[in-house]
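Data block below; observations after.
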Amino acid sequence: MIKKLFAAVLLVFMAVMFYQLYSNITEKSELSGVARGYAERGASELGTQNIVTSIVVTYRGLDTLGEVSVLFIAATGVAVLLRRRKEDEEYAAPSKRQSSEILQTGTKLLTPIIVMFGVYIFINGHLSPGGGFQGGAVIASAVLLLFLSDVNYKINHGLFNIIESFSGAFYVLIGILGLLLFGANNFLDNRILPLGEFGMLLSAGAIPVIYSLVGLKVGTELASIIDNMKKD
Amino acid sequence: MTEADNEENKIIKPDFSDPELFCTALPKEVPRMNNIIQKFYDWAQANSLWLLAFGTGCGSIEMRPLYTARYDISRFGIAPRPTPRQSNLFIISGYVSVKTLKRIIRSYEQMQNPKFVIGLGSCTINGGMYWDSYNTINRLDHYIPVDVYVAGCMPRPEALIAGFDELKKRIKEGRGEGANEYAKNFAWYKANQKKIIKDWDMPDYNW
Amino acid sequence: MNIIHIIGFILMIIGFWGLLTQKNMIKIVLALAIVETGLQLVMVTFGFIKGHTAPILDSSELVKGAAEMIVDPVPQALVLTAIVIGVAVNALMLTFVIRLYQKKKTLSITEYKDLKW
Amino acid sequence: MVNPLYIVAILLGTGFLLPLISKAGRRVALTVFFMSLIAVSAISYQWLWSFLFDGQAPAMFYTAGVEPPLSINFLLGFKEAIFITAVNLIAVVGAIYMSTQIKETGYKAMILFLLMVLGLNGLILTADIFNLFVFLEITSIATFSLVGMDLKLNSLTGGLKYMIAGGLASVFLLLGIIILYSLTGTLGIESMSQYVLNVDNVKLLSIGSFLLIFSFIIEMKQFPSNGWAIDAYDGVNPGITGLASATGTAAVFYSLYKIMPIVSDEILSMIIFIGSLTFVVSNLMGLMQTSPRRMLGYSSVAQMGLVMAAAAWSVFSQNEGLFFAAVLPLLLNHFFAKAGLFWITGIIKKNDYRKWGVIRENKVLLGIFIVMVLALTGMPPFPGFWGKWNLVLDLSANFEFFWIFIILLGSLFEAGYMLKWLGVTLKKTYEKDIVAYDSYKVLAIEIVNIMLLIVSFYYFFRQNHTHMGYYLPYTAGLALLGLRFLPEKIKGVLSLASIFLYGYLFLTHQSGFPLFFNAMFVFGAFVLTIATLNRKKKSSTFYGLLMLMIGSLIALVNAENILNFFISWEIMTVTSYLLIHRGRDSEKESFSYIMFSLGGAFLILMGFALAYSENPQALGYGIFSIANENSMTAFILISLGFLIKTAALGVHIWIAGAYSKAEDDVTPFISALLSKAGIFGFVMLLLTMGIPRTEYIDLAYILSWIGALTALIGTMMAIHEENAKRLLAYSSMGQVGYIILALSIMSGLGWTAAMFQMINHFLIKGVLFLAIAGVIFRTGTADMYKMGGLIKKMPWSFTAVMFGIIAISGVPPLTGFGAKWLLYEALIEKGWYLQTGAAFFASTVAFLYCFRLIHAIFLGQPKNEFRNVKEAPAWFIVPQYILIMVIFLFSVFPKLLIEQITRIVEPVFGQGVTWTDGTAYTSLGYWNGTTVMIIVGTIFVVLTAGLLIKMPKIQKVKQFNIVFSAERPETPELTHFAYEFFRPYRRALGWMIAPYAKNFWAAVSEWTYTISDSLRKIYTGNTQTYIFYILMMSVVLFYVTVGVK
Amino acid sequence: MDNFWTTLLYAFLSMFVIFNYGMLLGGVVYKIIARVHGRFGPPVWQPYVNLLKVMGVRTAISHGIMFWLGPVFRFAGGIGLFLFMPVVFGSVWMQNFSFSGDLLLVIYFIFFGQLGMALGAAESGHPYSPMGIMRGLAQVTVSEVPFALAVIALAAQHGTLSITEIVAAQQGGIGNWNMMTNPVATLAGMMAFLGMMMHAPFNLHLAPQEIPVGPPTEYHSNFLGYMQANRAFFASAKLILFMNLFFGGATNIPVLVGKTFTLYMFAVFVGVVNPRFTLENSIRWFIRIPTATGIIAVLIYTFKN
């Protein structure tokens, strides 16, 4: 009880702190700083319709590469932490009940559509809201559905690993290509491919490629996280 | 027996025959010089008698008055000393029990060469009223050389002072050679002493 | 000054409350997720400009006057990254919780005090 | 130059491809893993090289072909190059250390490791604040995963705590970033630091920067939001802990350093405050630790606090140079030492520092352990020392004395637990235990050690512009440490030869006080070293340490400035500590010695800093000559430091223990020579500064009373000691009290007295301690009442002690009287009559212990068990008689010595003593040592002859032939009157030596430990408590820094 | 110093005088004590007889070399102390070797004999010897304190530590004596004097019945002779010292005799009418009243100068 009282008092103080923060926020009326630069140059320079994508993939591409790495680390970490060891055998989960017929049938029906949707999202990342992460997440949700519907479902680890590795490696390779083709300051430049016609699917240079790789990678990584967690 | 007991025993275990602890040499005679200096020394010895303040028996009660204003032996250059090393006069005051004899011998042997003994009271002469006691000696001069006996039971301080006079006379005459006598007849004295003292737990001569 | 800010802050406070009072470790992880959600709301709201539209230049008008017509795209980009990272962290945390549960068969955080002082 | 972005590419590419590569086998995977780490390291070395030697300019690399701030950029300057080099180096070494574990866990562990390294490099290189966040998360998540990798309960618990704290930190970080972004419209650190100047919404700006910094405060594990970190250090696999503690904190620290220019001065002050607080409090809490890892955890946290505060200070005071001078050495010191120590805890898997003796079985590891502990305690020449030194001097130049105090206090606490650990490890008996000294782990630790030494020497040479001759005295010690395999005798002879060489090299070039002191040190060291030749037991370090200590004394005198002075002082402290520590059962005593010594050293440092603040350019002794309002405080602090070394009253409690527990042939060095180091310090201080006085306070007067009371109470305590060495220790204390008293007179006569007394004390204590050493060598005990009657067995030792006590008690005709005579004349001339009285009282009381010393040991009844002891070995006797000959020389011809003293004292104070023929005249009296000696000698000879002639033939008797009230002594033990010899004296005057000082220091130490113990209880181990602290800290700091409207 | 041999000759002369004076003084004192007790007492020449007697003892034992040397040290200390002191002011032949050192030398030389004696006695292995030494030394340490303070006060008063000069400053009538000009220091000094003379009530170190005669309990024969002869020098030297310091010194031998005798009588009479102090008592007494007096004496000059 005392603990909760302390917590409450502390949070009151925090609330006051946030209130001070809040009350000092002045609303913006126009873009400023780098945002203005992005808005003004993004479309013409990189040929993306979606300014956010241009920022995410190119201007701040290193962030995204890092983001991918974070997910990759998390997936690897989860795999390492949940690896099976001899002494863990006794904790093996009890046998599970099969899921319902409706779920199984629905899954069969929906999985291809979900995967399609995911691919759509990441391929169109430079044109519309969406991108590799969102697409990857959607794809992973399809895998989740598969797991839900079939207790004995096993993903193809070999395939997943290859996809994961290659998409990651290619992403890095694209980054290096910028260095090799243009110079020291062009890491992750999307202009290694022609920018194409503004607003078309195959435009904005390497962005669709990168987003596809990211999508594949995120999809497989999230799927393997789910797989690993499911084991226990 | 526990270890602690052992330890204790080890500490209080006297070993009188240990040559590291006691000098085993025997006394030697130191002959008088037959010259004027010796006379001079004799005179000094006679006029500066330092008696060992050791009351061996009941007679020592009669020695206390000697220091008082009434008898005042300091007039004669006689003074008590608390250590046998510095004294040259030993007054055996009364009966000598076997137990005391041991102390007497030790103290006597610790005094330096010109040393004089006065036997005080009849007990030192023939045992006196203790003549047939199982625990006292009868004749003091069987055990240590005695210069002067002062008879009586008890002798008064006046008698004692007369004894001092007698002793002084002897010393001046050059007859106060008890120490040399003791050294000369050491075997005899020691045999006598050992006859009496059964638990002989000291070296033959206490330097 | 935006109501979404307030909602975001309230969510954060709720999350903190959960962090401070819930003993169940899964709930703590969720509470942290709530804090993050609130934070993401706050962040994205910082880029909001009244009357401006989404930063997707799907018309030529927008392409020309983008700077005057779209909201700030940067916070959106940042939030995107933050969300993904948040997911990763949460996944890893849940993994820890799973392993910890296997060790002591309890989810109460007060039981895991072997390391102290 | 290779683009640093390749670091990212290589690590990431390898990481991504490893799942595929691993299909080709573990070996291949491991090879690729190491190859990529080495490649990355190579890139960083290349950069560092070109910065160091090719004058490379800082380079910027941006991505996406768009210039910043639109794009993310990497900035690679000299500092970055240093940091990534260090991080990558430790990464390779850490990988070697953890190779078994990594191999067992499989390629996934390699991925995690690689990506952690990526995160670290990115943190250091990136110049974009959000990118910083991303790399921070990469580092954290990779570290979390590695932490939990071994799946042990403690690792998992620690990891979870770590993650939750990290999560909270990132919440604050993101909030801060977004606020700053919204205000400045940029994310680049450089542009942001420019734009913040134009921001109107100051309030929001300060909130934003506060949140940003606060998240780093959590990441830097600052008090009190650091319980999770310490738990993690404690529980987690030491391989990872070492890595995280070294590299993780370094990288996070560097990123914090990068963003410091953004924030305002108030927030920088907050960082300084929090950092310093953490430094003190964490070290305080470390005092109660028994688990080495936890100890190291507290130390890590504290060091990071200090480094952070120092960095914030360098930014705050806009002193770029300070970063290289102070922050970097502090950090690198921590970096290598902590990694190494954590890794050692991974080999010696003992969770209790008292069981660490087992490390002694591996000499290599033991050596490294000692080096690293000393490095952490901030001893020269390790970088930590330079860092602290430069930081302190810089702070003092800016008059920030409070922070100096805080830093030194924290350092003292840290030294407290570190040295306790070291002390116990070096001495305590341990259970035999099989420890797996995996060669690759030892190799890794050794590499780190070598790096530490390289950095040490780099800083050593960077900082020192004095000619190298100054370091010459240390060479013999270092060489002997290197030649430790030689037999003892050869090492001893080499020592003697090198002391001789030192004498030749130094004495010919010096003059004045340095020559005087150095002559004493060289001569004393030479003579006293002869006694050590008696050593039979092989010891690998003894002569090395001894020569280092002697070298430090010589170097102390040679020092041209306060830096060299302080280095020598510290080396002297450490080596003497290690020497004292060699003695039997000496842990407690040597610990108390080193704590007092270090406390004293820190006081001296603080005083130096105060004096330096007025004249921040020079380091010469001239800084003391500047008079200002600080000079009195400086004087007090420095003198306190020296007083501790000389064991003045109140800070004397270490002396008896240290002297008595040191090895018997070491104690003479400590008493005869080492205590003079404090005197030398006083001399230099007084020569340059004089004694400051104000209208109200006359420090000279106070100092004189300290000296007088030290003499009196030290002597009083000496007479009640049963242990010969303790007795002499207190005697030393008293004798040195006279020297202080004499110095405080500040007149020609007074200083003549001081120097005379110093030489006198040196000679006598050399003789006495050596003689006692010989006795103890034969009898095996230092308890005086257990001995007795040894005169017959050890006549030479007896004679030496007899001359010693005659000289020390000041009885004519030996030198001691000269010292007393000069002292009293000077005191009366000065008009300090009461002090004269006290000194006189002390000198008469000295008779008591003098008699007791010689009686209880040499006179009285010999004990049965010592019947077969022989005279002390000639190795002990010869130096004693050399010293005695000198004593006699100066006794017969005091003019020889006093004239030399007058020559050095005269330029300062004028002549104190004038001479007519052999007679010395002062304004009050006169003394002719020669005629006194002749008269006394003649009388003595005549009387002896007289007694020889007149004496009858003497019968030599034995010990029991005594007049024992007509009884016979029972045993020698019961007859030898020696135990509690002066009991009536204690009954009458015991109140004078009531242990006030002892109780006071005991109370201080107990309070410190109690506070430490109750303070550390705040780390309950409950994660929620830690969350509470973090949030509470945010609120408190928020209101303190940003304030309520 | 211009004529060393003359000095030596004079020294022997004054030694002879002072030896006889000391012996007779002892005899007179015994006599006086006896008279106080209502006795006749020994003849005044008794000390000579005693000395002769012990010198005539025919055997001797020795516990070792230091035991043997102890009395030599003791005697050398006594003679030395005397020789370092100017005895009669203005007299050529009673200056001894006082050019060798000043008051401090004399004060410290007092310890020479005591220390040597202590070493010799302690070698005998007799437990009473160290007991007596312990008591004696312990008492000396505290009785020296008021004495030192008094000396310091004198030095402060006269600005010199030379005994001759201190005496010179007191010439010209009783009004110039330090007793008059510096009464507090004199008081302190005289209280210390009681302790330094080691008469009752401060003679616990001898305690004849408890620890028979204390330190010299094992000494006899010629050793004892040396010690008795020393007593004559030592006591006289101490008396002369006090006379010089506080009572105007002496310009000729009768004055010397008169003053030192009076001084000695002071100690003797205090001793005769007082019982013996325990060690604790005497230490406490010295550290209280005499020391306080001495401190006052010193403080006067601290504030005066």
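As written, the chains take the letters A, B, C, D and E, and residue 1 is the first residue of each chain.
Definition applied: a contact is a pair of C-beta atoms (placed from the backbone, for glycine too) under 8 Å apart; a residue touches a chain by one contact, two chains touch by 3 or more.
Here the structure is a predicted model, which means the values were calculated and not measured.
Student: Identify the chains in contact with chain A as well as chain D, in label order.
Tutor: Chains touching both chain A and chain D: C.
Student: What chain groups remain joined by touching if chain C is not counted?
Tutor: One piece, even once chain C is excluded.
Student: Select the chain whose centre, defined as the mean of its C-alpha atoms, is least distant from the mean of all protein C-alpha atoms.
Tutor: D
Student: I'd like to verify one number: the distance from the centre of chain A to the centre of chain C, where each centre is the average of its C-alpha atoms, in whole angstrom.
Tutor: From the centre of chain A to the centre of chain C is 15 Å.
Student: Indicate the whole-number Å distance between the mean C-alpha point of chain B and the mean C-alpha point of chain D.
Tutor: 71
Student: Distance from the CA centroid of chain A to that of chain B, rounded to the nearest Å?
Tutor: That gives a centre separation of 119 Å.
Student: Hey, how far is the Cα centre of chain A from the one of chain E, in Å?
Tutor: 106
Student: Which residues belonging to chain C are in contact with no fewer than two other chains?
Tutor: 12, 16, 20-21, 46-47, 74, 81, 85, 88-89, 92, 95-96, 99
Student: On chain E, where are the residues touching two or more other chains?
Tutor: If we look for residues of chain E contacting two or more partner chains, we find 55, 57-61, 212, 217-218, 221.
Student: In chain B, which residues are in touch with two or more of the other chains?
Tutor: Residues 30, 83, 85, 113, 207.
Student: Identify every two-chain combination in which the chains touch.
Tutor: A-C, A-D, B-D, B-E, C-D, D-E
Student: Which residues of chain D touch chain B in the complex?
Tutor: Listed in rising order, the residues of chain D that touch chain B are 862, 864, 867, 952, 955-961, 963, 966-968, 970-974.
Student: Could you pull out which chain A residues touch chain C in their complex?
Tutor: 3-4, 7, 10-11, 14-15, 18-19, 21-22, 25-31, 34-36, 38-40, 42-43, 49-52, 55-56, 60, 63-64, 66-67, 70-71, 73-75, 77-78, 81-82, 88, 91, 127-129, 131, 133, 198-199, 218, 225, 228-229, 232
Student: Where on chain D is chain C touching in the complex?
Tutor: Of all residues in chain D, those touching chain C are 130, 134, 137, 141, 144-145, 148, 151, 153-154, 156-161, 163-164, 166-168, 170-171, 174-175, 177-179, 181-182, 187, 231-232, 234-235, 288, 294, 1016-1017, 1019-1024, 1027-1028, 1031.
Student: Within their complex, state which residues of chain D touch chain E.
Tutor: So the residues of chain D touching chain E come out as 789, 791-792, 795, 798, 802, 805-806, 809-812, 817, 820-821, 824-825, 828, 831, 833-834, 836-837, 840-841, 844-845, 847-848, 850-851, 854-855, 859-862, 917, 919, 923-928, 931-932, 935-936, 939-940, 943-944, 947, 950-957, 959-965, 975-978, 981-982, 984-985, 987-989.
Student: Write out the stretch or stretches of chain B touching chain D in their complex.
Tutor: 11-14, 16, 19-23, 25, 30, 54, 83-85, 103-104, 106-107, 110, 113, 201-202, 206-207
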